[in-house]
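Listed after this line are the structures, all set down as structure tokens.
The following pair of complexes shares a single chain, chain A, combined with chain B in the former and chain C in the latter.
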Partner chain A sequence: MPLSTQSQQEDQQYVLVATLDNVRNLSNILKAITFKDHAIFNATQNGLKVTVEDSKCLQANAFIQADIFQEFVIKEDSVGFQVNLTVLLDCLTIFGGSTVPGVTTALRMCYSGYGFPLTLFLEEGGVVTVCKINTQEPEEPIDFDFCSTNVTNKVILQSDSLREAFSELDMTSEILQITMSPSEPFFRLSTFGNSGNAHYDYPKDSDMMELFQCTKTQTNRYKMSLLKPSTKALALSCKVSVRTDSRGFLSLQYLVRNDDGQICFVEYYCSPDEEVNDE
Partner chain B sequence: MKFRSKMTDVGCLNHFTRVVNTIAKLNKTCILRLTPDNLYFVLSGKVANGGVSMWCELLQVNFFDEYQIEGVSPDANEICLEVAPDNLSRALKTAQTAKSVKIKLTKKHCPCLTIAAELPSLSSVSRVVTHDIPVEVIPRRLWHDFKEPTMPDFDVSIYLPPLKTMKNVVDRMKNLSNYLVIEANLSGEMNLKIETDLVSVTTHFKDLGNPPWGDDASQSKSQSRDLEAMAYTRVDIRKLQQFLAGQQVNPSKAMCNIVHKRIVHLILLHEDVSLQYFIPAVA
Partner chain C sequence: MDYVATGGNVKVLAKAIHSLSRIGDELYFEHQDDGLALRTVNSSRSAFASFFLSPLFFQRFHTCPGHTFRCKMPVKSVQSVFKSLSSLEKTVEKCRIEWKPERSQLTFTLHCKHGLLKTHNLSFQDCESLQAVFDKEGCPNVLRAQPRLLVDTVLNFPPSLEEVTVSVSGDRMWLKNHVEDKTDQFKAMMTELCLSSEEFDHFSVSLQTSITFCLKELRGLLVFAESTGLPISVFFDDPGRPVVLSVSDSVLEANFVLATLSEDAHQNNNNNSKRASPPTPADDFMCDDMDSYLIAMETSEIAGASSQKEPQPSSSHGPPMPNHRVFLDSVMEEQQQERDEEEDLERPPNKKFRSLFFGSVSPTPSQVANQTTHSQDVLASDSEDEG
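This part shows the complex of A and B:
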């Protein structure tokens, strides 16, 4: 069933239709949040938001704005469903996800509403693949209540510099400690592993530091296992904004540029690792 | 029983190595049948290897400069050996830069295929690397297991799409399911399908063309067939993936014959080499 013969009348039954000339613009950004099978999709006029959560402590959101898509038609205010993300990614990369310039896979994604499967039409070089992925009842994503008004500290870095630090992090350390401060050491990543402690300091006037807004010294610990998946987003991104709020919650926002130079955002929220006091 | 041969052309050596590598990817052991004109790599459809069978035919003159064979007897001038193609492939890997490669049947502590590669050296003394690959000689009474398979009376015969594309698709489908339905009709259309609790995926190939078999095969079934009607077979996806992943021959023609609900018969042709692969249906 080639894409062109998808009759217009058939389109009318769909509540959501989105098309992309290059499926990598969607698959790449979804790869950045693939650490659990279940992904909550929420589409509005603005675009598509995909949420993945782990242990009620970590949440990752990928935003793909409506104008990234060549066509984005939504018939309701908001359309939500849940699918298996691993399955979706295998479907999106069915033709191998080739990076050869000039060879792209086109996508048409359709959803008829509650209880219906998510239907994907993929086309590359005249070969068409039709996927029907069963959808589930969407769960309500956790509200981390991370408000920009409560942000105490914020830095924006070139991703390159953080990538380097993350690739060298001592993974034997159970936690990653982040210190942000208006005075020395400004922005510090610390690990406490088998072979000793390590600190990575970023001076606030470094070329890599695009913005430095720290109002108060704050030191928080986060589970390494929870932060590990965010390196996938880091790898794709060009800039990253690191923020903490008054409760110590961490927000990582990644600015990702796709093959066509458009910008998308991936965001990770992580709750701090609470010290358990025996006293 | 005697067998000795020699290869000196680098192109022939590479080609032969690629064929052996392809065979090695398909199964741990296979039968090497030697006749005065041909070499055959054979795998007969035993339950132990999932009912898959293979037939690969090479014309000896296209590969070897010297080729001498003395079979078990004058009326059966053949030799039939069981060999691990992986050993053969490893031995040939070290011989890639060789000036010449000799392959002969020898008797060491057990029967062996001895591969002697003469490697280039800077001094006048040449270096020779020798591999002895243990083989088992198959007695004549068992030969009937390793005859050329007859062309099945297929319902549909179709040219395969580019194998790279097909491999990509089958690789992803394997992540999602254990079984795959392959279906095709006489209008050049072929579909690959999987279906599980989570997802159903169908890849449609069209304009593939159907090979003209003419009169040489008595394809009674496909003669009177509705051109649009699909013939299908459900197969173990790993068997198909193995075939696609291993193949290094770069065939000039790749075809697929389907016997409805019975068997998928894949044929790769490359000048002097032909490889046939049979995957049985699963319920």
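This part shows the complex of A and C:
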């Protein structure tokens, strides 16, 4: 381990130490939630949760389980801090983030506690870069109160099929309307743009549909501008679970497989744009 | 009205719309008993393109007999239906185009793999038929070549090149880039290449001539021809008369009609001495020959004449409009007005640009003074904050 040259003593001052052989396993998943600068980090024994929010209507969470890291030591029950995500990503890809097989950047991420900077040791090909990023007062993430017990409709799709639809969506439409229903059209994405309207219908027996659990017809509208960042997560993922609860809140969960075949999750919550009467 | 295209024909339809989108902003959609016509014309009306799809192109070609349907819509919105050509090829199994008389929208439905159904309801406007008057058969020169030959030829020219000059003799064809300005000619890289008649499927030249036209539209048609593998026929006459590029097989026909630079412009370019007094040749050009080239369209004549008053040297904002003419027929009044408006819009910018320029020059002292005081204010407040 190139980065294990740090002395044990030095390690003891840190409340959080996490090392990764391949920094891409962290940077890629963080890219999936990069739409605002401020990211709230919360580390527990289970791993790292990174939260980014927009307009109090959208929240994105990336979960990186402890076992993704080669080393994950946490001395407190919970460690929280906030950093500028763009700066962090710039640091994580400081060696250029090459995708050449066999060339990886190793990372050791350390945090000494409240008021201290987040320290990154990055190593590639024997060159070590140390980055210190000032941390900010952690904000409390919004609780969207999205309970699995309140979920009305849920579908799991292979990301490929949804990616195609999202890449073609009419961006002149201000909203994306999602209809989920136990009967036709089952799962429908609609846009209402300058040139007219468009609908993408997925039948429930499609090969792309892994799970279809819809109990009630629901039509909700979401701001396109809010949902747009989620396409970054969609691009990385292999499966996506789309859920809506009784209030019309949307949960998008993306299953992301990293370079080493391990699984991480990215989750987006979005509040509905307005009430729509069922037609 | 109900059409269904399947398999490879969906891609052909998509490619046709993509190549039309390279020419005009609006797609004219016209149902005829003997097929479906998709047409467009560019904003300066120097290029017209049409695709005609016969009923056999479609798996289903259903219509109420005697009922004509005609509309126009932004080509971009139709393009969005066939957005990704690569995935289209792999995923789309069937495309259905539908219109019901009670609806003001045209419905495109794509049936894709895995049961995915994409429905686009596109708004449209009523319109008159868009037609260009041209006579392919009357052209003394006809060339036909495989798309590959022309694609490879056009590849030699830089993508930024707007116009190309094609010259033909009994057994050869030359292509070279057309350079507008004599001064540019020294700066520009000149590319010239020669194709022997043997390279063509058909080469009949009875008039040795040299024509100059826009490359953009040719490129648009080449994209289509290359994907379908259909040979391209080129029909042309004297400079100033339109060139017709044509692709056809048993179920479809595409015609791209492009204006060519008239002889006068050529002479202007070739004659160095005339460069000394540029406005005069432009006027001469307007009075003399232009009328003879304007055949059909009264509307274009009126508007064309007005557009020609624009002094030629200042054509920095586009292709040399006055030289290009396509002969369009029976375009409705609304379009004429549109066109007049366009012309009006197109003309003032030049003046506007100048007046803006002068405007910014004349009040300079006060403006500069204002600006400096303003920026000083800001600086001052900043330093206060820091202090």
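In this text, the second predicted complex is superposed on the first by the 269 of 279 C-alpha atoms of A that agree within 3 Å, B and C clash if a C-alpha of one lies under 4 Å from a C-alpha of the other, contacts with A are read in each partner's own complex, and residues count from 1 in each chain.
Throughout what follows, a residue touches a chain if its C-beta (ideal position, glycine included) is under 8 Å from a C-beta of that chain, and two chains touch if they have at least 3 such contacts.
Given the structure is predicted, the values throughout are model-derived calculations rather than measurements.
Engineer: Report clash or fit for the pair chain B and chain C bound to chain A in the combined superposed model.
Structural biologist: fit
Engineer: Applying the touch criterion given at the start, work out whether A:167 contacts chain B, chain C, both or neither, answering first, second, both or neither.
Structural biologist: Second partner only, chain C.
Engineer: For A:70, using the defined touch cut-off, is the partner it touches chain B, chain C, both, or neither? Pick first, second, both or neither.
Structural biologist: neither
Engineer: In the combined three-chain arrangement, what's the angle at chain A toward chain B and chain C (CA centres, steps of 10°)?
Structural biologist: Computed angle, apex chain A: 60 degrees.
Engineer: Looking at A:128, would you say it contacts chain B, chain C, both, or neither? Reply first, second, both or neither.
Structural biologist: A:128 sits against chain B, while chain C stays out of touch.
Engineer: Which partner does A:84 contact after superposing on A: first (chain B), second (chain C), both, neither?
Structural biologist: Touch partner of A:84: chain B, not chain C.
Engineer: Does chain B (first) or chain C (second) touch A:200, or do both, or does neither?
Structural biologist: After superposing on A, A:200 lies in contact with chain C but is clear of chain B.
Engineer: Which partner chains sit in contact with A:44 here, chain B, chain C, both or neither? Use first/second/both/neither.
Structural biologist: neither
Engineer: Touching A:94, do we find chain B (first), chain C (second), both, or neither?
Structural biologist: After superposition on chain A, A:94 lies in contact with chain B alone.
Engineer: Compute the least Cα distance separating chain B from chain C in the superposition and give it as a whole number of Å.
Structural biologist: 6
Engineer: For chain A, what residues appear in both contact lists, the one with chain B and the one with chain C?
Structural biologist: none
Engineer: In the complex formed with chain C, which residues of chain A make contact?
Structural biologist: Contacts found on chain A: 161, 164-165, 167-168, 170, 194-203, 205-208.
Engineer: Could you please specify the touching residues of chain B with respect to chain A in the complex?
Structural biologist: The contact residues of chain B facing chain A are 161, 164-165, 168-169, 171-173, 175-176, 197-207.
Engineer: What residues on chain C touch chain A, complex-wise?
Structural biologist: Residues of chain C touching chain A: 73-74, 76-77, 80, 83-84, 87, 91, 105, 114-123.
Engineer: Okay, in this complex, where on chain A does chain B touch?
Structural biologist: Contacts found on chain A: 1-2, 84, 86-87, 90-91, 93-96, 117, 124-134.
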